[in-house]
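Shared between the two complexes below is chain A, which has chain B as its partner in the first and chain C in the second.
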Partner chain A sequence: MLPRPTTHSKALGPGVAGPELAVATSAVLDRPPQPIAHLPLSGAQPCAVDPAVLGDPRQHTKYPYVTGTSVMAIKYKDGVLVGCDTLGAYGTTKRYKSTQRIYRVNSKCVVAAGGEISDFQYISNLLDELTTEDYRIDDGLELTPQEVHSYLCRVMYNRRNKFDPLWNSLVVGGMQDSQPFLGMVGMVGTHYTDSHVTTGFANQLARPLFRERQQDDMSEEDALQLMYDALKVCYYRDKVSINKFQIAKVTKETGASISEPFALDMRWDYKLFAQPTKWAVGAW
Partner chain B sequence: MFRNQYDTDVTTWSPQGRLFQVEYAMEAVKQGSCAVGLKSDTHVVLATLKRSQSELSSFQRKVFKIDDHMGIAIAGLTGDGRSLCKYMRNECINHRYVYESSMPVGRLVRQIADKSQVCTQRSWKRPYGVGLLVAGVDPRGPHLFSSCPSGNYYEYKAIAIGARSQAAKTYLEKHLESFPSATLDELVQHGLRALQSSLSEGELTDANSSVAVVGKDLSFTILEDEAVQPYITALKEDEPMQTEGAAAAEEQREAPAEGAAAAEGGGQAAYEAALREGEGPAPMEAD
Partner chain C sequence: MGSNAGGFDFDLCKRNAMLENKGMTLPKAWKTGTTIAGLIYKDGVVLGADTRSTSGNTVADKNCTKIHFITSNIYACGAGTAADLEHVTEMVSGQLALHRYATGRQARVITAMTMFKQHLFKYQGHVGAALVLGGYDLNGPHLFTIYPHGSTDSLPFATMGSGSVNAMAMFEAYYKDDLDRPEAMALVARAIRSGVMNDLGSGSNVDLCVITKDGVDYLRNYEYLQAKTYTRQFPVKYPPGTATIVKQRVLSLKGVEVIEGVAEEMDVS
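Our next item is the complex of A and B:
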C-alpha cells in the first residue's frame, strides 16, 4: 500500500490526511503539549548529558597502554602449570622485557594476567591486602584459589559497571582441597573454570594444542613439554612477544613457585618459512 | 552484687579495676534460660530450654540459623540477640557473595567480640545484654565458641550459659571424655541431659526444648516439637538407670536398653525426615 499523503497542519495534528486548506484555530494552537512517550516531560532534549559531567577532568579507561600478551595454563596430575612471557609492550614496541606477569598469592594459588600491566599491579596489590589480612588474623586459614577467583570476578564486574574496567584477562591457578583448580576472569567479569585456560593470542594458537594433548592425569614431563610447545607457538605467531618465558607450578607437595625466566630453542630455518611460496600451487 | 558509686557509667572504672556496667550486663546473660553446647570430632550440638511468658503465649526462640554451616543459641536479652543474629547473617551472606565460600566461624566470632568491645568503651553506648553460643563447621573442623557482653570469646569443647548453668557444666565436665568420639544421637542425648540438670522444676518436653545440630556433611538444622520428641522420649527411658545404684542397674539394663534402642531407631527416622526437609542449602527456619 502506498503511504497516503499526510498533512502537517497544526489544526489537524501530525500523520493525518485532510484538506490542504484547513485553518488552525486558537483552540488548537494554544492547547498544551500532550505527553509523548519518547520525549521527557520536562521539555529537555532526550539523551541529554548532565553538563556538570562534561566539566569533570577525570577520564575512564579507554585504552590499555603497556600490555602483556597471552597467558596459558593447564591442569595435570599433580597440579597446575601457568606460563607466559615477560614482555610489557607499548603498542607494538617491545619496551619492558623483564615484567613478571605472574603473581604468587599464597602457597596454594597464583594469578597471571594479560592486558594492561598497571591494572595488574593494582590487582596484585588488592590480593596482597587480602593475604596480609589472613596473616594478621593468624588462624591458619589461607585464601583458596576458588575464593580468589570469585573475588576477582566481583572486582572486575564492579569496575565494568562503573564504565572504568581493569583492562586485564586474568588466570587463577592453584590447589583447591588437594585438587587442581584453574579459572579465568575477563575484563568485564566473565568467568569460568576449566582444565586448560588461555588468554589473548593463545586462545587461537595454544588452545588447539591443549584440546588435543591435555589430560587431567598427564605426568609433569608431558605437561611441561606441552607448555613449552604452546609457548613456542605463541612466540612464533604473535608479533608482540619475546623469547623469554616464566612458568609457575602449583602442586600439593611443593606449593606455589614461579620459575626464573628462560628461553626456548626456536628455529627460523624451516625451508617453507624461508621460501614460503616456492612450493605453493601456481607459484613460479 | 550491690549498687555502688562506680556503676553508673560503662566508662567508669572502680578502684579495684572493674567495669561494673559490663559485669551487670553479664548478669543479664545469667538471667536467660539455659543453653548448652558441645562438640565431637564431627558434629556440634546446641540444646536450649525455651521459656514462655504465660500458658497462652508461644515459647521464646533461642536458636537461630546464621548460614548453612553455622548457627547460634542465645541467653539474655532476646532483642540484642536478634540484632547480633542479623549482623552475623549479613556478614555471612556478604562473604558468600564475594568469595562463594562459607565464612570461617572463628573470624565471625572475633568480629562479634570486637563489636561487643566497642560498646564497653563508649559513654553513649551500652554493652549487649546477650551471650551467644556459636556452633559451626569450617575447613578446619567443627567449632563451638561462646561470646559474652564484655567482648571476650573462647572456643570450647562443651559449655553452658544462662540460669543454673553450673549444674549443666558439671554434667558436661563429668562426661567430657566421651564427647569426641560420640555419634550424633549420643551427643544430642548428652546435651539434653546436661540441660535437664539445669531445670529447677518441671521437665523437658518437646514444646520447651530446642536442639540444633551441624556437621561437616550436615547443614545447620533446628530440631523442635516433633523432631526433638524422640530424643525427649529416649531421655525419659534412660532416667530410671541414672537414679538406681550400680547393682540394681544390672537388672534394669535390659528394659531401658530395649526402649532406648527403639527410641534411637525412631529418633533416627524422625531426624532423617527433618533432614530431608532441609536438604542441600537448608531453608531458613521461618518464625
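Our next item is the complex of A and C:
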C-alpha cells in the first residue's frame, strides 16, 4: 500500500496529513473539529491508544526531546554557506554525535534545522515528497529556495495554529535566479530573509561577528574563515555542542553540496588561563 | 525580633509577602541591562562598559557611569540593579579606605573581591550586583567576576550583563596572548560595541578604564555610538538667498511723508 502523502491536505493545510477534501472541519461544521478515536487533530499517523481515551487531554507538543543546537549561514559573492555541528543531544547528554542537520533539497537549495530532530526528519520527508513530484513530472524545473522558504513558513504556521508545532528553527539557503538566497523560519511561523541568518545560541554569538565582517560580495576564503570563526565561538560558549561540523555550500556552478564532517583547531593553551587563581587562592 | 543571638532576620520578607498578597506592587528596580567587560593584557587591565540604564522597557539614563571607583588602583564595572551596585561599591570602597589606613599598604584586588563576595553571599543573591572587578597591585594585574550569589571567577577576560554573550563572542574570536595597550583597548571597545549594537539592554556610548602600575586612565565616553546625528540650532539662521523668489512686486512709497524727529512717549497716565 502506498504511504499517504503528508505534504498537503486541502482540509487541514500544509504539513498535516488528513482527508483531501473539506470533510468534518470547522469550515463546514458549526462546531470545532473533534479528535476521532485513534486519529489526533494534526493528522499524524494513528496511534495504538488515543490519549484522549485515557483521559489525557494533551494534544500538543510540549517539549523537544532530541535536539540540535545552533545553525548559522551567510551569503557571499558566489552563493551561500550554511554551517552547524552534528550533535543530536538528549537533554544535556551528547547522545547522537553524527546526525546530519542539513538536508539537500535539490541542486539549488539546502535546509538546515536546529531543535527537535524527529520534527526535522518529518520536514525532510515533506520536502522529499515535493522533490519526488518534481522528479516524476520531469520538466527540468526544480523547487527554488524562495518556494521552499514560503512552503516551510506555511507548514510551520499551520502546525502552530493547531497547537502542535514542529519544534524547529529552520534555515533555507540556496541560489534563486542566480542570486544567493538565505531565509529563516521559526517554530511559530516567524520568517525573514537576510544576508546572514542564525538560530539558537548563534543569534548572540555569531551574529555580532557576521554584522561586522559579512559582505554580500566577500570572497569564498573570507566567507569560509568567517564561518570557521563563528563555529568556533559557538563551540566555546555553547554547552550542548561538539567539535564536529558540516558546512553546506550552494553556488551556481557547483550546485548544492554538504561537506564531510570536520573538526576545527581550538585554543585551550592561552598563558593566562594556566593558573588563573594564582593570586586568589580558594576562589575559582 | 530583637534577639541578640545573631543570624539572619527575615521578618521583613514575611511582611513584604503579606503586602504583595494584599495587592501592593513593589516598585520596579532600575536595572542596568548592560554590557561590561574586562581584559588583562601585558602591562595591566582594561575595563569597559556601555552607558545605558533601563527601567523596564524605558531608557532611564542615556549616559550613566558603570565603572565604579573602589580605590585608586582598583575599579569595578557593575551590572544588575543600579541601586545595589552603587551602594555595594561605595561600601567596599569605604571599607577598603579604612583597611588601607589600618594596614598602611596599598589595597589588593583580592581583598576587594573577598569583601564583595562575603557581603553578597550573606544576602543570598537578593543584592542584585554582578561585577567585573579589575585592578593592579603588587602582584600584578588581576581580573575577577563576582556573581550576585557570591561566587567568583578569576579570568584573563570576562564579560557580564545582558550583552555579555555578544561581547564574549568578540573576545573568543580575537583574544591573543600578550596584547599591548592599544590592541587591548581596541578589543574591549569592540566587545562593548558588539553588546551595544546587538543587545537591546545596552546602548549609548562606550566607557573605558585602563589600570596599570603607573596609574589609571579613566576614559569616559571613549566612543560615542548613538549620539544624535543632527542637532537643531536655535535661533534658526537662514542665510540670505535661502528662499527662492517666485514672484516679485515692488511698491514705491508715493505720497508717504517721512518726518524726522524725537519719538513721542506713549501716554500711560
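The rule we apply is simple: the second predicted complex is superposed on the first by the 211 of 284 C-alpha atoms of A that agree within 3 Å, B and C clash if a C-alpha of one lies under 4 Å from a C-alpha of the other, contacts with A are read in each partner's own complex, and residues count from 1 in each chain.
In this section, a contact is a pair of C-beta atoms (placed from the backbone, for glycine too) under 8 Å apart; a residue touches a chain by one contact, two chains touch by 3 or more.
Quick caveat: nothing in here was measured; it's all calculated off a predicted structure.
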Which superposed partner A:R154 touches (first chain B, second chain C, both, neither): first
Touched partner set for A:A280, first chain B, second chain C, both or neither: second
Touched chain A residues, chain B compared with chain C: C
First, second, both or neither for A:V172, with chain B first and chain C second: neither
Contacts of A:G140 with chain B and chain C, given as first, second, both or neither: first
Which superposed partner A:Q204 touches (first chain B, second chain C, both, neither): second
Touching partner for A:L272 - first (chain B), second (chain C), both, neither: second
First, second, both or neither for A:K232, with chain B first and chain C second: second
Common ground on chain A, meaning residues reached by chain C in one complex and by chain B in the other: none
Contact set on chain A toward chain C in their complex: 201, 204-209, 211-212, 229, 232-233, 236-237, 270-273, 276-277, 279-280, 283-284
Chain C - residues contacting chain A, complex: 40, 109-110, 113, 139-140, 142, 144, 151-156, 165-166, 168-170, 172-173, 175, 177-178, 194, 197-198
Contact set on chain A toward chain B in their complex: 137, 139-141, 144, 146-147, 150-151, 154
Residues of chain B defined as touching chain A within the complex: 97-101, 104, 106-107, 110, 138-140
